[in-house]
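Naming follows writing order (A, B, C, D, E and F), and every chain is counted from residue 1.
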Amino acid sequence: MAEAKLLGAPLPNLPWEDRAFASTEPVWRYSKNPIIKRNAIPTSNSVFNSAVVPFQNRFAGVFRCDNKKREMRLHSGISINGLDWSIDEGPIEWIIPEGVSKPEYGYDPRVAFIEDRFYITWCNGFHGPCIGIGWTQDFQTFYMLENALLPYNRNGVLFPRRINGKFIMLSRPSDNGHTPFGEIFLSQSDDLVHWGQHRWVMRGEMPWESTKIGAGPVPIETTEGWLLFHHGVLTSCNGFVYHFGATLLDIDMPWKVIGRTQSYLLSPQVHDEQVGDVPNVVFPCAALADSATGRIAIYYGGADTVTCLAFCHCAEIVNRCLDHA
Amino acid sequence: MAEAKLLGAPLPNLPWEDRAFASTEPVWRYSKNPIIKRNAIPTSNSVFNSAVVPFQNRFAGVFRCDNKKREMRLHSGISINGLDWSIDEGPIEWIIPEGVSKPEYGYDPRVAFIEDRFYITWCNGFHGPCIGIGWTQDFQTFYMLENALLPYNRNGVLFPRRINGKFIMLSRPSDNGHTPFGEIFLSQSDDLVHWGQHRWVMRGEMPWESTKIGAGPVPIETTEGWLLFHHGVLTSCNGFVYHFGATLLDIDMPWKVIGRTQSYLLSPQVHDEQVGDVPNVVFPCAALADSATGRIAIYYGGADTVTCLAFCHCAEIVNRCLDHA
Amino acid sequence: MAEAKLLGAPLPNLPWEDRAFASTEPVWRYSKNPIIKRNAIPTSNSVFNSAVVPFQNRFAGVFRCDNKKREMRLHSGISINGLDWSIDEGPIEWIIPEGVSKPEYGYDPRVAFIEDRFYITWCNGFHGPCIGIGWTQDFQTFYMLENALLPYNRNGVLFPRRINGKFIMLSRPSDNGHTPFGEIFLSQSDDLVHWGQHRWVMRGEMPWESTKIGAGPVPIETTEGWLLFHHGVLTSCNGFVYHFGATLLDIDMPWKVIGRTQSYLLSPQVHDEQVGDVPNVVFPCAALADSATGRIAIYYGGADTVTCLAFCHCAEIVNRCLDHA
Amino acid sequence: MAEAKLLGAPLPNLPWEDRAFASTEPVWRYSKNPIIKRNAIPTSNSVFNSAVVPFQNRFAGVFRCDNKKREMRLHSGISINGLDWSIDEGPIEWIIPEGVSKPEYGYDPRVAFIEDRFYITWCNGFHGPCIGIGWTQDFQTFYMLENALLPYNRNGVLFPRRINGKFIMLSRPSDNGHTPFGEIFLSQSDDLVHWGQHRWVMRGEMPWESTKIGAGPVPIETTEGWLLFHHGVLTSCNGFVYHFGATLLDIDMPWKVIGRTQSYLLSPQVHDEQVGDVPNVVFPCAALADSATGRIAIYYGGADTVTCLAFCHCAEIVNRCLDHA
Amino acid sequence: MAEAKLLGAPLPNLPWEDRAFASTEPVWRYSKNPIIKRNAIPTSNSVFNSAVVPFQNRFAGVFRCDNKKREMRLHSGISINGLDWSIDEGPIEWIIPEGVSKPEYGYDPRVAFIEDRFYITWCNGFHGPCIGIGWTQDFQTFYMLENALLPYNRNGVLFPRRINGKFIMLSRPSDNGHTPFGEIFLSQSDDLVHWGQHRWVMRGEMPWESTKIGAGPVPIETTEGWLLFHHGVLTSCNGFVYHFGATLLDIDMPWKVIGRTQSYLLSPQVHDEQVGDVPNVVFPCAALADSATGRIAIYYGGADTVTCLAFCHCAEIVNRCLDHA
Amino acid sequence: MAEAKLLGAPLPNLPWEDRAFASTEPVWRYSKNPIIKRNAIPTSNSVFNSAVVPFQNRFAGVFRCDNKKREMRLHSGISINGLDWSIDEGPIEWIIPEGVSKPEYGYDPRVAFIEDRFYITWCNGFHGPCIGIGWTQDFQTFYMLENALLPYNRNGVLFPRRINGKFIMLSRPSDNGHTPFGEIFLSQSDDLVHWGQHRWVMRGEMPWESTKIGAGPVPIETTEGWLLFHHGVLTSCNGFVYHFGATLLDIDMPWKVIGRTQSYLLSPQVHDEQVGDVPNVVFPCAALADSATGRIAIYYGGADTVTCLAFCHCAEIVNRCLDHA
């Protein structure tokens, strides 16, 4: 089996901590989790499901901050090391084109750098859960575009470059409540406004993802295919349990699944993941990758309350996908 | 109040029956309903929710024929007078472009003639209820296009011409079961493949449409706006009751509602509408209009079992919309 | 067993039809049902669940007329013979005391004559199903009082005189949807405004009333106790089926059940009861009684669509209650 | 394809009516349906889902009679021609062995003659729906045995002879409500008391049987296999619709399906099947077969209200099973 | 903005702990929570949702003690400092007037001192959740009154004095399960037995209270209005989360909301609130106030398992209500 | 009251820890819980609900190990002291008789030694939850038998010897989801293959077991009757809470309940029981008993994640059953 290489840029300041000596875990937690606590800003009830990208030799991010009214809001933030974050106290103010509705709320953002700017996708409450798109170049001024797809849809994630000349988005259409079902689809566009050529990508197959699945961080390009972390939900008699695993998608036909982990890579097993506003949740929304070393850092929400970090090696995860491990 | 005129072509052979002498009903039933019985072809369990258009001085149609396996299938048919129909015994065979999935099933078709061909939209079962588009020029060879929108969506209806240079489609996003909610949205496209600039159009407002609504026949152009018949559903303690009413949409900004009937125009009140595979359903999918007289003939399904016909005068219905009658 | 006598006034013009020669049914249908059709007034979708009383040697009534918006409204009406009705085209306009909300809607009225006026109780939509009370002396001017009880409650029925100096009301507290449960309670008042001394009366015991029960017409005073007709609901795999039976309550402690029919007295078995907006419903809201003959005429809704009439002899029904037949 | 023959005894007095001249239906209705009306005995609300067998040159049966309390009861009956029935006014009184509970209720009986007596299986309410077994030799004295299987189970049907030395029963385990799922299993026994060697037989595959299925009449032995009529349920937005089809099971390994009709053979399409206590139900519980002619008469319940009759030819149905028609 | 003053008596022995130096929280937890552990008496499974009042220079209370059968019971208790409690091992025995049913169970008590005695309101299981009223003068002998309102109702809370000559009660009508909806109403009485003049007060408006709300401790009189702490419930995909906030009601027309906190004041964020028999619950049932200092101590249940204490300053909370903070 | 004695063999190496000095708890936890952690083998997500028996002067067991695919699997294990366990990394491979389906999954095993071998019963996924039976003599080779009972059934538990010459099994029939109801039944067999003579044993009576109950460890024979620990489930607004109590069954007629604890013996009150994949679960599947001392060690699952141990004295628990304590 070939050793998968990351195809992106090197990222020497990637946050990192080596795997513990005796451990064989494919994904391991940062020893100082959570990196962002629930009360990180004065008005916040919780900060989680957050999207982080490299930005001008430092890091920037878009954060889901639920306030103490329990409203769901997006805030931007900045960090030198990717671990200690300074988050704006006010939510992002979008510059909105005529004819587009103001977002009712904002949750579960992803940020993808494509060509010359950072695109944000998130769930925005246009008559129900609906995928909004916006962009920024400086994490200070944010421009909203037309909503990408009709409601009722969540977990909209852009690929970090055009494929076959098209922008590509993953999404998870479903209903307008605490959805008990959901599969991943892919849609294509020339202009980020009109979407079509929809393709079905995959459903939950293993027990840990049997209720529903959704794309996690922006896919990571490797020599073997696009590496996608995705969350999967199992329904216990006490509600949903959120895990995550990984999938390898074909580079040129990214609706084709090349391989996929049968075991979850991480499940809620420590306090910040088991106890909080929604017990038993790990939910990844962003990943940083350093092509020089193959290291990947995954940002994930814990118990819908705090932001945590975990680490892995690209080649190990890709092999697990190919081995259906 | 101006008298609304139909803007389309004359249709001298429109099926028609005058309103009964003493009646003041805005929409009245054909005295020989149902025009198509449930066993119209040897394999059919029911024939209903059917789409009819003028075709070469006669009429053609696409019919929902559920067979005796209770599979939902589309069949084409032909008629000289719009009342007596010859329906193909075999279902429509689509010529399908590469990359597009074969339809799992077909139900609730609409047919719109735009520019040079007949476009069919229907619910096709691409990983759930999903709106397919296809076209024909002869009702013998049928070409499928890319699916228009992501699942889960039903009641996709095209406008009969471009507006502001765009193709326009109404749809009703919802879930994948016997949906208990749903509102009408509008989407726009340059190429019938990529859709965007989604606009919210309307929700159920009156009790008869309080559970959900959906567009019915292809909108009819009038001097006062687009005339849209739409079905509305009320939930009784014994299930859903389907009625229909009408809405007038702005000619150039068809996501704007100009007027709308507050009362239903037709509700299930006679045997073929009250008794059948799904009791208490009237469901319109097609309408013919004669601009010379202002007459409109509406084809609707009865009790999800048979195909029925009703009639009205354009100006009367438009006035009811404007009066919110 | 003593022969029960009616204690009220004679009512020589009571509508009546003898039991068919060969029949042994305790309650029999009028041969010309329905007496009021669904389109009795121009705006009506249905007229059913209606309350009728003797009034100035004729009859007056309060009718549930759902209009073609499917709004639920109360209308008053007048009749010489109790069979042919003239119903006001406009709904009842209430004169409402300060602080009391205007009714959102009106359904399932009962009318009780107490002392010097006619009291109407109905379900009025004060933040959910809630029992309103009003009164009239002429069936032209209607005065509303404070709502009697908190939501969520339906089937509020007054006794036709004070008992132990108190006004007495039966009601059926439950929830705000298509309630799947419900038992009858009794409340007491000095002033028709403040209610207390609540007593539990009975629950559904037999299969035909196993989902829920509710009081029907105003109780009828007999030598053996108060005769109460009540509806009972059974849940089939296709929804609710409404039947009715009878109960005998203690004259002085009307929360005490003396006897009760184990079999239903009437169930939906003919077209107007089996087919309509809500299939399989017989729902009694009013009864007239002639103390000279022991005859009782029961007004009931059929399939939530039309108004029907049935007949019985007081002594026979009382005996069935006492026999638990 | 070989012409299937019936292997049982001739039954010259089988009730029969030829197929209408122009009809090609595989199963056709008796022109005088219903053969038993809902009020066949004074206390009955409905008589349906009834089991009929040849008995001493005449016919005997066990009938589901719901009384006017809506209690579900089994009654026996007798007939000279299989069409006109005399039904006992009182329910069957079981002689019950020590340790076995008295049945709470009785519904949906089947009767199988095995070796020297008639065995009745039915749903008896032993702490929920549960399959009881009993026997009679004269349809006057009835002996109950131990309950065959644990609750929650319905549609228990015995084969009419031992296979490989074992008694064989089909059943449909499920839950204790209006079950939305269910598949057919087979169990084996030496003594009719202890059951084991359970085998899974089949699930609903076609849309008309997609919610649940259940065995109908006692299987009929043919040269090609056991012919089993089974009901199948589809869930519409207004509840369950019951159809029936047929399956051919292997003679020696009756858990193996040899063939099966993909289309239903009968669905509720006429008044007595579409309108009644449970609209849209045809439910077969018994069949008579004449090996001399290949004729089969099927007794089925209509709308959970009345008893109907339909006819078919053995070879035609077997061929439809083998053709998956 | 005027500084709100408490209008009641001084309470120099109010339990109190200052806010932590660096904290800006409006409500802060006692550092030694829980003050009552789950096994406070030998038979208890949990002690929570408890009502405390000043009594003879000490404190008395009524406590919800669920026993190890998980029966819900009310016990009385006594304390010198409001922190260390001696709870009776046996439940309260009510002296019950004729005609009133013995309580099935007891939960979520409130205690209000009015004129000359302590009134207890609680949920007592009279045919479902129902608000009982009783009184005591010595916390040894307890007298029950008529139930105040019909089922199904919870969170009945009396005001501590008559208003406009009337007793006033808040309540939250709903259903008989784990209610997914509910709004606060107000009822009035001359005699604590008959209740009427019902007024709607408020619904949940912010996300943290979007499922349902209910009154908490007895309202506290201030110069700006009645200060009411109320709980609010949000439904996550893993069940209910209980928070609490505050509302200011008009002194003379207490159904009028003057102001209300938009943010919750406390949410489950520490172990005793997040982990227990019902995770993620803070539920206030009592508050003590010292008019000399403006200090308020709030007793609240943690995770339906233990009793906790929190503190605040009257003026700060009132200002937050007026600011809609 | 007689002091109950254990009737089995002495077990001098029973794992044991005395009750803490000040405690009066009838069942007390091992101070070093959990004895088996969730990651006990490399592939395990959790190890819980495990069955332990004495075996060749040591202990053997069958363990539910959910792997990181969240598949439910049975593994065998061995231990010298009953505390430290060596668990096979691979799941049990069954030798399966012809005609029996391979288990889809395995969970919640029990092991009973009867006559000359160890019988395992578990839930095996034969078309839904279904009770499998197998046996081993060496915990290395495992033979599967016919499934004992039809789906949908869980918590199948054998008695450790024949009674009246019959094998005896307890089970809990229910449905195929997260069952919200369920009672214990008993079935009898001569051959472990065919089961019959079903008897109803008991339902949940106290609040802690009001949703459903199920048998726990193999019943323990005492001089007073069979001692059965059983779990009981209460539904809070945040899901199920699992407790356990005990029941005493008649020695010769084990379907007769002699006594039963009204209070639970253990409820989830410490971290490993309150926090994990399913919060708030204690679930006993095995017990060891030493007849020389009357000591019992109970193995139970904590939060569906880890394996824990608790202790009690036989006579104390039997007395609590007899006292209905």
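Quick note on the criterion: a residue touches a chain if its C-beta (ideal position, glycine included) is under 8 Å from a C-beta of that chain, and two chains touch if they have at least 3 such contacts.
Worth saying up front: this structure is predicted, and the values here are computed from it rather than measured.
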Listed by label, which chains are in contact with chain A and with chain D? B, F
Those chains which touch chain F and also touch chain D: none
How would you label the chain A and chain E contact, same or different, if same means the shared numbers make up over half of all numbers there? different
Cα centroid separation between chain B and chain D, in whole Å? 42
Calculate how many whole Å lie between the centre of chain D and the centre of chain E, each centre taken as the average of the chain's C-alpha atoms. 60
For chain F, give me the residues that contact two or more of the other chains. 238-239, 275, 279-280
Pairs of chains that touch, anyone? A-B, A-E, A-F, B-C, B-D, C-D, C-E, D-F, E-F
For the complex, which residues does chain E have touching chain F? 38, 42-43, 45, 67-72, 178, 238-240, 275-280, 304
Chain D residues touching chain B - in the complex, by the definition given at the top: 24, 206-208, 210, 234-239, 241, 243, 262-264, 267, 269, 271, 274-275, 279-280
Mind listing the chain A positions that touch chain B in their complex? 99, 101, 126-127, 146-153, 171, 173-176, 181, 183, 185, 187-191, 193-200
